[in-house]
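Presented sequentially are two complexes of chain A, the first with chain B as partner and the second with chain C.
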Partner chain A sequence: MNTQEILNRFETVARDPAGQKDKYLAAGKKVVLMAPVYCPEEIVHAMGLVPMGAWGGDMELRDAKQYFPAFICSIVQSIVELGMRGAYEGASAIVIPSLCDSLKVLGQNWKYAVPSIPFIPMTWPQNRKPDYALDFTLAGLRRVIRDLEAATGATFDESKLAASIRVYNEHNAAMRDLVPALAAHPEITAAQRSAVFKSAWFMLKEEHTALVRELLSGLAAASPAAAKCPVTVTGILADAPGLTALLDEYGFQIVADDVAAESRQYRTDTPEDGEPLTRLARKFQAMDCCSVLYDPDKKRVEHIVALAKNSGSRAVIMAQTKFCDPEEFDYPLIRRACEDAGLPLIQIEVDRQMVNYEQARTMLETLREAL
Partner chain B sequence: MAEEIKKHRPPPDPNSAKYKLGQIAAKAYSDAQAAKDRGEPVGWCASNFPVEIPETLGLAVVYPENQAAGIAARGGGARLCEEAEGDGYSNDICAYARISLAYAKLKSAPEQDVPMPDFVLCCNNICNCMIKWYENLARELNIPMIMIDIPFNPDYEVSDEQLAYVRAQFWDAIHQLEKLTGKKWSDEKYKEVMEYSGRTSRAWLAATATARYTPSPFNGFDLLNHMAVMVTARGKKEAAEAMETLLKEYEDNHEKGVSTFRAEEKYRIMFEGIACWPWLRVTSTGLKSRGINMVTTIYADAFGFIYKDFDDMCRAYCKVPNAINLEFSRDKRVKLCKDNHVEGLLVHTNRSCKLWSGFMYEMSRQIGEACDIPVASFDGDQADPRNFSEAQYDTRVQGLMEIMEANKEVG
Partner chain C sequence: MFTLGVDIGSTTSKCAVLEDGASLTVTSIAVGGMGTRGPQEALDAVLAQAGLTLNDIASVVATGYGRARCPWTELQASELTCHALGAHMVFPGVRTVIDIGGQDAKVIALNGQGRMKSFLMNDKCAAGTGRFLDVMASVLQIPVEELGRRALRSEHPSAVSSTCTVFAESEVISQLANGVDLDDLAAGICASVAARTAALAKRLGVVPPLCMSGGVARNAGVRAALESALGAPVLTSELAQLLGAVGAALYAYRKQH
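And then the complex of A and B:
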């Protein structure tokens, strides 16, 4: 495939997760949904199941309102909305971690709103660094294994987990290589970049890695277009078509991201030494710089500034998911750090129900003019 | 212009529970200020952090949630929320957090001052919002943060693994505080604290359980005030004595056929959620004027911290409201409703509290069904006065009352 065909393939997958699910189901595979923000996907993969991301969708909320007050984030609400409307039918289970308060209530409501798809809780420790957190992390992982075995009939074999960890580490590496490669090619639009990341949630990782590597080869041989205005994007999600279209319209190019559904997933590899399940727990202990992970030193704030500086970004755009308080608490500190570093920052509120992007347009237009 | 009429209230009886409990709550602030003035380190402490730890170590702490509630009740909520919003904090964030973060910057509020902290003690058993709030306090004030993570438990029982994780963190917190403050843990002192905590808790549970009498010997809004002592001081001798006084008063009220609910008790409800502190009088009057007594809340159950040893204490902190799953939360409330002959449930959909409100729709449906009682909800906020509509509250309470009335006629 040429570069455009590969990009088209990513876009097709990103636009049609239900089609991907049906394809895997038709091939005799079982699908397990992975809710935001971090799930032990490697375990699901090792059991021969297909992990698929469930980060909701851009839609008007209707049925989910029976379960949630309006001030719960629309990612969580739209996951339930899709579940109630049958979009996830055929999935064998959903794994929901309790990393923020809205995710905690998602799990509880899911049991009653979508009883046909079993809820599997993943309880990660927030105080994850001390040695004593390891046993608790392992207990959480083992509980997921037990529940997956009950929900799917599949069995867990630790030697297979070692192979899946390799698949995931290789995918992480490919996604990390992708960021500078895309940055070197301003002709890749924000929408195309988003599709590469988004499609990762709906494909087996080995399939996605192969496609990403093919894209990287294609890009290496291609001549870059004229430079655009490089920016770093941070937030939980930045995949709304209305937002990516505006970034393209105003000539912004995302050269680095701290987006939870994108690069935050791929920063940390599972370590090489030790028993596979223990290594997976160690990976979580090593994770940092994320709004839903306890961060007493607020490393994330410095991380964003460094990311922007090192990538040559001229500004930082915070895609603020409405009602996401982990991100909202970080914003004042990020704003100050960016100011101190001489980096312009804008905060654009995004929402799964958003149809009007005029405020975002004005902010991006103003930023573009200022730069 | 109407002439102002001043009510001549009798001076408070120093032997009354109300007076004693008020003194304990006030003393918590003055003791902390005195410690600060002596040059001792003072902490800001999350409301469901194990109070036994600072109490045993002899550390003075104040509770930002109580401070924020006090500021909000005295009319300062909007001012401090707006101050935080000016610094970039979204108005979607918990109003207690906004008030506290604003106070950390201003270091003064006429409604309720507290000494500035030398460390913060965080526990997320009530919500993960606490983590973010305390991270920012620690960062802005450049002080250490001691964190105990008590994860939301998706299961009914506390697992051995969760207990081990929480126990390890309790000891880690103790050792960090010893190092930080030079104070030493004493098993003997802990045993004493545990005993007082048990006495206080038993008296609280027994006092709140007098709502089983009809009419109830107390107005449930009393509990909203008294719970401050349960949260912050239950390991103190004075708290045990004051709660025992409260129990005696409620039993005496029952014997005499009187109540602190100063109206005819026509209906009995459970109130769900944190109080609307800026609108306390309005929310209270809206009930009392209709003869509705809020006879119970989850607080009645929540602060019964009775445990036999350190492990049992860890388990108790894993079972606070907001750390437990829907089914366990529901069953506790169903028991309170049934034990106290509740006829209706009034739910505060609290804009500040995503976790408390986030599965309340489903849970309150289940409680209503299990107890065969009507459920009404209203929108409000624990501390931001802008998120409450008096007209909506009035309409919802009226609707609830009418269904309770109809049920009485049928029954």
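And then the complex of A and C:
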């Protein structure tokens, strides 16, 4: 495939997760849904199941509202909405982690809203760094394994987990290589970039890695287009078509990201030595710089500034998921750090029900004019 | 050389003609924003006053929420950029611009040379905007222009929620039913808008001198409450509502040079 065909393939997958699910089901595989933000996908993969991201979708929320208060994250609401509308039917289970208050509510409501798809909780420790957190994390992982075995009939084998960890680390490396490669090619639109990341949630990682590597080869041989205005994007999600279209319209190029659904997923590899399940728990201990991971030092703030500086970004765009407390808590610190670093920052509110992007347009247009 | 700025807002349309990027020649305001006859009426009025036709204008820049659908130009600039330019032209040295329009509020920080440093926009909510004042004036059955005058007469402003227009409307209706004085209610309503805007300004950082732009700048009650909430004087001008159009005309001039 040439570069355009590969990009088209990513876009097709990103646009049609249901088609991907049906394809895997038709091939005799079982699908397990992975809710935001971090799930032990490697375990699901090792059991011969297909882990598939469930980050909701852009839609009008209707049925899910009976389970939620008005002022809550629309990502979790749209996951329930899709579940209630039958979009996830065929999946054998959903793993929902406990990383924020909204996700805890999602898990509890899922059991009643979508009883056909069993809910498996992944309870990560709040304090993940101390030694005692390792045992807590391992207990959480073992609970997931037990529930997966009960829900799917598949069995867990730690030697297979070692192989899956390799697959995931290889994918992490490919996704990390992807960021500077895309940054070197301004002709890749924000929408195309988003599709490459989004499609990773709906493909087996070995398949996605192969396609990303093919894209990297194609990009290496291609001549870059004229430069655009380089920016760093941060937030939970930045995949709304209305937002990426505006970034493209005003000539912005995402050259680095701190987006939870994108690069945050691929920063930390599972360590090489030790028992596979313990290594997976240690990976969680090693993770950092994320709004939903407890961090009294708020290292994420410095990380974003460094990311922007090192990537040559002229500004930082924070895609603020509406009613997302963990991100809101970080905003004042990010704002101050960006000011101190001389980096313009704008905060654009986004949610899964957004249909009017006029305010986002005004902010992006103003930023472009100011730059 | 004449340049024209057209600010098509949510409730009004404004035009300003500048000569050589420095001398403000004429301005106009028409009721009705995007999707109405307001823009055409504002254009007709400003050209008639200036004794010009569109052919005499070297460049036109549109701003405001209706900028993309302005029929006389394809050149656009965001209202934040234009209000910053207009405010710096009318109030040289101003460092913080507070713009409260019909459907949103913005705070803009400028450096000493008038260059925009940063900005914030309000939440997607009518509270703290001109729309809030329109709704409340309608509940009180008085013209919106009267809110400010009444607010200044109040000695015991009532408490009105700044969180939500719908909740605040219920509160005002309840207070009316309880016989609360109209002037005190008007003062509470103005203070509610000011509180919300002051919070936005404080998030950005308030550096004096401050000025107000946008239609709500005409409301003396909101201005007074804003000065009280921010602890600093807030400059304004008869041109406050026109600063976006003035800035657009200046932007048009600078694009030519």
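One rule holds for everything that comes next: the second predicted complex is superposed on the first by the 371 of 371 C-alpha atoms of A that agree within 3 Å, B and C clash if a C-alpha of one lies under 4 Å from a C-alpha of the other, contacts with A are read in each partner's own complex, and residues count from 1 in each chain.
FYI, a contact is a pair of C-beta atoms (placed from the backbone, for glycine too) under 8 Å apart; a residue touches a chain by one contact, two chains touch by 3 or more.
Owing to the predicted nature of the structure, the values given are computational and were not obtained by experimental measurement.
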item	value
Contacts of A:Ala133 with chain B and chain C, given as first, second, both or neither	first
Touching partner for A:Thr366 - first (chain B), second (chain C), both, neither	second
Superposed model, chain A: greater residue contact from chain B or chain C	B
First, second, both or neither for A:Ala184, with chain B first and chain C second	neither
First (chain B), second (chain C), both or neither touched by A:Ala150	neither
Touched partner set for A:Glu358, first chain B, second chain C, both or neither	second
Which of chain B and chain C A:Met1 touches, first, second, both or neither	neither
Contact residues of chain A, present in both the chain B and the chain C interface	none
Contact footprint of chain C on chain A as seen in their complex	339, 344-347, 349, 358-359, 362-363, 365-366, 369-370
Contact footprint of chain B on chain A as seen in their complex	66-69, 71-72, 98-102, 104-105, 107-109, 111-113, 121, 123-127, 130, 132-133, 135-136, 139, 291-292, 294-298, 320, 322-323, 325-326, 328-333, 335
Touching residues on chain B, where the partner in the complex is chain A	87-90, 92-94, 97, 124, 127-129, 131-133, 135-136, 138-139, 145, 147-149, 151-154, 159, 161-162, 164-165, 168-169, 172, 325-326, 349, 351, 354-355, 357-362
Chain A-touching residues of chain C, taken from the complex the two chains share	65, 76-81, 104, 115-116, 118-121, 123-124
